[in-house]
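Same chain, two partners: subunit A is paired with subunit B first, then with subunit C.
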Partner chain A sequence: MSVANLVVLSPCDGLLPGTIGAVSITETTPGRITAILPFKGQDDAVSVALKSALGVGFPAPGRSQAVGDVRTLWVGRGEALLMGADCPDLPGAACVDQSDAWATVEITGTPVEEVLARLVPVDLRAATFDPGHTARTLLGHMTASVTRTGASAFEIMVFRSMAETLVENLAHAASAVAARS
Partner chain B sequence: MRIAGRGLDQGTTSVPFTFDGERLTGRAGDTLAAALIANDKRVVARSFKYHRPRGILTAGSEEPNALVTVGHGPQADPNVRATVQELYEGLEARSQNAYPSVDFDLMAVNDLMSPFLGAGFYYKTFMWPKSFWEKLYEPVIRRAAGLGALSGLANEDTYEKAFAHCDVLVIGAGAAGLMAAWAAARAGADVILADEDARMGGRLLAETEEVSGQPGHAWAADRVAELAAMDNVRLMPRTALTGAYDQGTFGALERVGRHHPHRPGKPLECFWRIVARRAILCAGALERPVAFPNNDRPGIMTAGAVRAYLNRWGVVAGRKVAVFANNDGAHRTALDLMAAGVDVSAVIDSRAEAQALGDYKLFAGARVIGTRGRKGLESLSLRQGDRTLRIEAECLAVSGGWNPSVHLACHMNGRPEWDATTLSFLPRSGMVPGMVAAGAARGQFSTAACLADGARVAADVAAELGLTPADTPVPDAEDRPYRIEELWAVEGRGRKWLDFQNDVHVKDVRLAAQENFRSVEHMKRYTTQGMATDQGKNSNVAALAVLADATGRSIPETGTTTFRPPYTPVSIAAMGAGAQGMGFAPRRLTTSHKASVDRGAPMIEAGLWYRPAYFPKPGDASWQEACNREVTTVRTAVGVCDVSTLGKIDIQGPDAAALLDFVYANTFSTLKVGRVRYGLMLREDGHVMDDGTTARLGEDHFLMTTTTAAAGLVMRHLEWVAQTLRPELDVVFTSATEHWAQFAVAGPKSRDLLDAVVDGGLDPAAWPFMACGAVDVMGVPGRLFRISFSGEHAYEVAVPARHGAALYRVLLAQAEALGGGAYGIEALNVLRIEKGHVTHAEIHGRTTAFDIGCEGMVSKKKDCVGFATSRRPGLLEDSREQLVGLKPVDPAGRLTGGAHLFAETADPVRSNDQGYVTSTCHSPTLGHDLALGFLANGRARHGETIKMVDHLRGVTTLARVCEPVFFDRKGERVRG
Partner chain C sequence: MRIPCPLCGPRDRREFAYQGAAVMLDRPAPDAGDAAWDDYLHNRANPCGETRDLWFHEAGCGAWLVVTRDTATHEVTGAELAETVASS
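Presenting the complex of A and B:
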């Protein structure tokens, strides 16, 4: 068989982009995603190794780090995602390819906080949730990773299988917000 | 009627609407209640039990009488309070609980029966014969008593739910609330100010008072404008706080799209959950009526409502108005009415020392002892000392004092405390952590006191939050004393109504006491006082005062009933917003979903996943035909099935094997790299939790597979074990389910198929049964596992999910070329039953490894979760129900799931029950039905004939007990 004969489909294929009222929802392509889980006592060593290889360290809980397109994103107890770069050799950590596990979208626009307030129970106000802050929380009934990427921009990640529900939930919330104005 | 020169919305546009089909006109800014009063509509509803004509009693959300249905068809919304509903063009309102009309209601015959319908009547009367209650009495009573009804039609209206967060939540935007919000915002706090009214200002909108030299409503409007301009303030009008919950969380219902004609897509209501570091309760107070004979005639209203209708909306409910009160405040009603040119026929004050505040006829030390008027008040009788007088009045403004709105303060089980000065219950501090009350909600009844209290409390709250309170000047305002004397009920002929909404009067409460329902909670249940949609807002305090009197106790001794959320009714539609139709739960779709749907496969839900049930073909008589075909395809050629939904957990670390040995009943540390092993996991109580295969990808690297439905459960179990039971283990794990698209390729031709798609072909020697490893699949790095759920020579092949859709199509095309095809969950189920493989139908939470015949898998050489408990004698007895196979004695006999098993000659009754059927199928391979089930001492009974009885479906079948493996018992096919 010839090489790479299998067609590639993104998680939100055919669902996005979309603009509803003053918010836009687009699928983003973070590139390779690797879950990094340091073994016992290896947190610092892993962070140092990451930093020297890629310029980003292992992020603190609720935080992310970025240098250019390379990012590390906290996603849970003792676990972060390295995004946008191949994973360097990290003997102190388990590294698990998750490149295809996530549907990743960016939602932007002035009323974005209002839209997310329809779905996400945690406090995303600018005063408490700066750019780069991230939360593992619910979006509707789905577990999600929510990260502020700008003054009026958030990145949302849910399991790939739930891409359609994610887009529906965001669109529904955005429509309700738009209908108020 | 409309009063010229009065109201805050003079000169606004006129608004047409209908009430009971009649075309009427109101003006912008009116509530439906105000517009009905403007149109001289007096009877607007019939009471719940006796169908007595009722008019508008209040001007707020506490309204017990004026409940109407708004809209029609699926969108009809019952029990809308006319006092809350804002008027809009085309509003369509109907009265409720009356037949044929609110003016002539046949059910009013109930009122003639009232001597027999007192408290406890139903309990005493409709007891015999017992069977009549459900079939006859209850339906008849339910039809006669009631409020509005739902249409019964599906409603497509939109509702929403939302979350909000703030430093300070101010509940209520009256004098105290506006000051509190202003002071907190100026100190720099992030403030939410919520008020149930469309317009903020509270009583300042209803009174003719000045604040800081301005009319009160103008001062309020200025403050609101100022707050609206601040970045750190969020104003939430039309938002009723409905409940106080743990950790500073509050429920609130916002009316979003109910004040204008229907606008598709715009939510009607939003249910908010607001999380606040601090809350200030400025909910004000509600005026309470007095229970005097026939005090429920249309035209009798609370005095504060009469002033609100006059001053805010410019309407009065009669040409002649009288006032009946026990406090000074109500006298303002007479003054306001006279200033507007309305005839005030009398002010009747129960206090002997009462002084007139203006030029009106005052009867001090007097009481109203009766009223007349068929469809509304025409006159009243009063007694002053020994003399009785008749006074003409179409409207009577009543005030028995004010009850602070302590409801939210009591939602976490705190009890308010009786204050003998204001004759009211006040909140105690700390009843809801982080919440303080200010203004009338804590008995500060003058405007000046409310303003000062709001500012003071907000400054304290700001300081607690570490903010520096700004200097907030308190404006000048009226500061008259309240001066109240007790007056709860007036004696005399006729019923003295307490709870207008549930038709409870003074005699009912006394009867409750007499029949020894002396606790206030018992009295409430016995009489139904306070149990209607107004939750007793108008009647609670008076009713318990009457109970206190009847039982010879004080009011504080008697106490209040329990205040529970919601403060005002919340529609289920709002709380369930977003869950209509497919919004009920997320849908997890595989990469092959579209291809399956394109082939017409109906979907089955497995957890949140959608899996194809079967793949129909033209001419199929039923699903069974498709299922049979797919089973035969797998047994004779090759089938392809998406198994990506199974949970995959990547486990790594020096102690990965040790963790697996501890969570699995069998041993994994002995598994070779590149091999897969079936494992059984126990709960702490020794019963089976889940099963699946785990592959060893490297010395310290395993991939665990769980069942589809239990993936989350197993992940949680691993976290619990690793964090609490074996924290010393150096092991990490994460879900890899979603990264992989994985397909089962099963059947005698599976190797041929994979040989064509795996780069470099498939070397049979390198891939024995239970081998695993990395392969390239058409240029894509993937994984291959030689495992089988069908009992056939089979593989599972995995590639990163982006290639899933493409690989599925390739595999199907290859399969079809080999005479095979896709198979769905129905066929998968048949294949596994033929092989006796268990699923959660068998490991349903009450079965052990012993029960399913896997006791030998529980390793005795090591400890594992559930090991000790699985050894308990009761779990290892032969008499337990054990997994068996069942075949019908007559090959045409049916075996059905959920049926029970009995000895061949025994009566099929509970006491003879010997077991039950867990899984059944029709086996096209063997040509008859098969079943798995549990039978007492079943393993020793192979060959015995038993009776299967399905009481639900009415099926009785004789079946032979056998080993639970029906096909290829030696497992030759899987290794071939």
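Presenting the complex of A and C:
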């Protein structure tokens, strides 16, 4: 097959959207994703450069920042994802394009906390996990990034190769919660 | 068992991988001699009480931690970033 015949497919193509009980799962398209890893001692300089270029700084651990569609998402020690914008010139950091590396879904609905409680070993209830809070943790057996996007909405990111497992795990948990209501 | 990750907060043990005693951070000088290197590589205390271990937060932030716990009571009393410990 020649390159001209290749078709671009999103990670969850053919898997989503879906609605199970009161929970809806949709794939989202955050746009360009760049991993930003500041070099030693460059954290502040990188954050200032990001802020002046795009209006969002380097987020604190467990937090995300957003200005319109441009977001920065903390994803680990000394690492954040810049989403929704091309990466500016950041001499103080290693910057890696990961746009096609992540499967990103949004899960919404009143019982969403109950659904995620079956999969994620972190307390995601609103009392401790506000909008904008993010956690690098497990979802089932996968490492995942979990971010609250609203009162009953979470964004979940896993590596692209795990998209099918993510959708299956979420659907299974949502079915179990729906069966009890 | 939960480990208080300095970056992520208290997290379940399943997110972590155990490496071993935190004496791994006290690497002898290259010319410290055979006795010091033999001790560093092979000899470990087996305390009944407080111990300090290296844990890797592999399913979380990816940081190496020095975790203080009690082998008798199983109480975890603290955790700090290994990079902080190693540079102090």
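FYI, the second predicted complex is superposed on the first by the 175 of 181 C-alpha atoms of A that agree within 3 Å, B and C clash if a C-alpha of one lies under 4 Å from a C-alpha of the other, contacts with A are read in each partner's own complex, and residues count from 1 in each chain.
By definition in this document, contacts are C-beta pairs under 8 Å (C-beta built on N, C-alpha and C of every residue); 3 or more make two chains touch, one makes a residue touch a chain.
Note that the structure is predicted; figures quoted are calculated from it, not measured.
Colleague: More subunit A residues touched by subunit B or by subunit C?
Modeller: Looking at subunit A, the partner in contact with more of its residues is B.
Colleague: Touch check for A:66: first (subunit B), second (subunit C), both, or neither?
Modeller: Touch partners of A:66: none, neither subunit B nor subunit C.
Colleague: Under the stated touch criterion, which partner chain does A:171 make contact with: subunit B (first), subunit C (second), both, or neither?
Modeller: neither
Colleague: When the two structures are overlaid on chain A, which partner does A:121 contact: first (subunit B), second (subunit C), both, or neither?
Modeller: Touch partners of A:121: subunit B and subunit C.
Colleague: Quick one: classify A:153 as touching subunit B (first), subunit C (second), both or neither.
Modeller: Neither partner.
Colleague: Examine A:138 and indicate which partner it touches, taking first as subunit B and second as subunit C; both and neither are also allowed.
Modeller: The second partner, subunit C, only.
Colleague: Subunit A residues touched by both subunit B and subunit C?
Modeller: 79, 121-122
Colleague: Looking at the complex, which residues from subunit A come into contact with subunit C?
Modeller: The touching residues are 61-62, 76-77, 79, 121-122, 135-138, 143.
Colleague: Going by the contact rule set out above, which residues of subunit C touch subunit A in the complex?
Modeller: 7-9, 11-12, 14-15, 58-63, 81
Colleague: Which residues of subunit A touch subunit B in their complex?
Modeller: 1-11, 35, 37-40, 78-79, 93-94, 96-102, 117-118, 120-123, 125, 127-128, 140-142, 159-165, 168-169, 172-173, 175-176, 179-180
Colleague: Of all residues in subunit B, which touch subunit A in the complex?
Modeller: It comes out as residues 158, 160-165, 190, 256-257, 263, 265-267, 273, 275, 578, 582-583, 585-591, 608-609, 650, 652-654, 701, 730, 732-740, 757, 759, 777-780, 799-807, 810.
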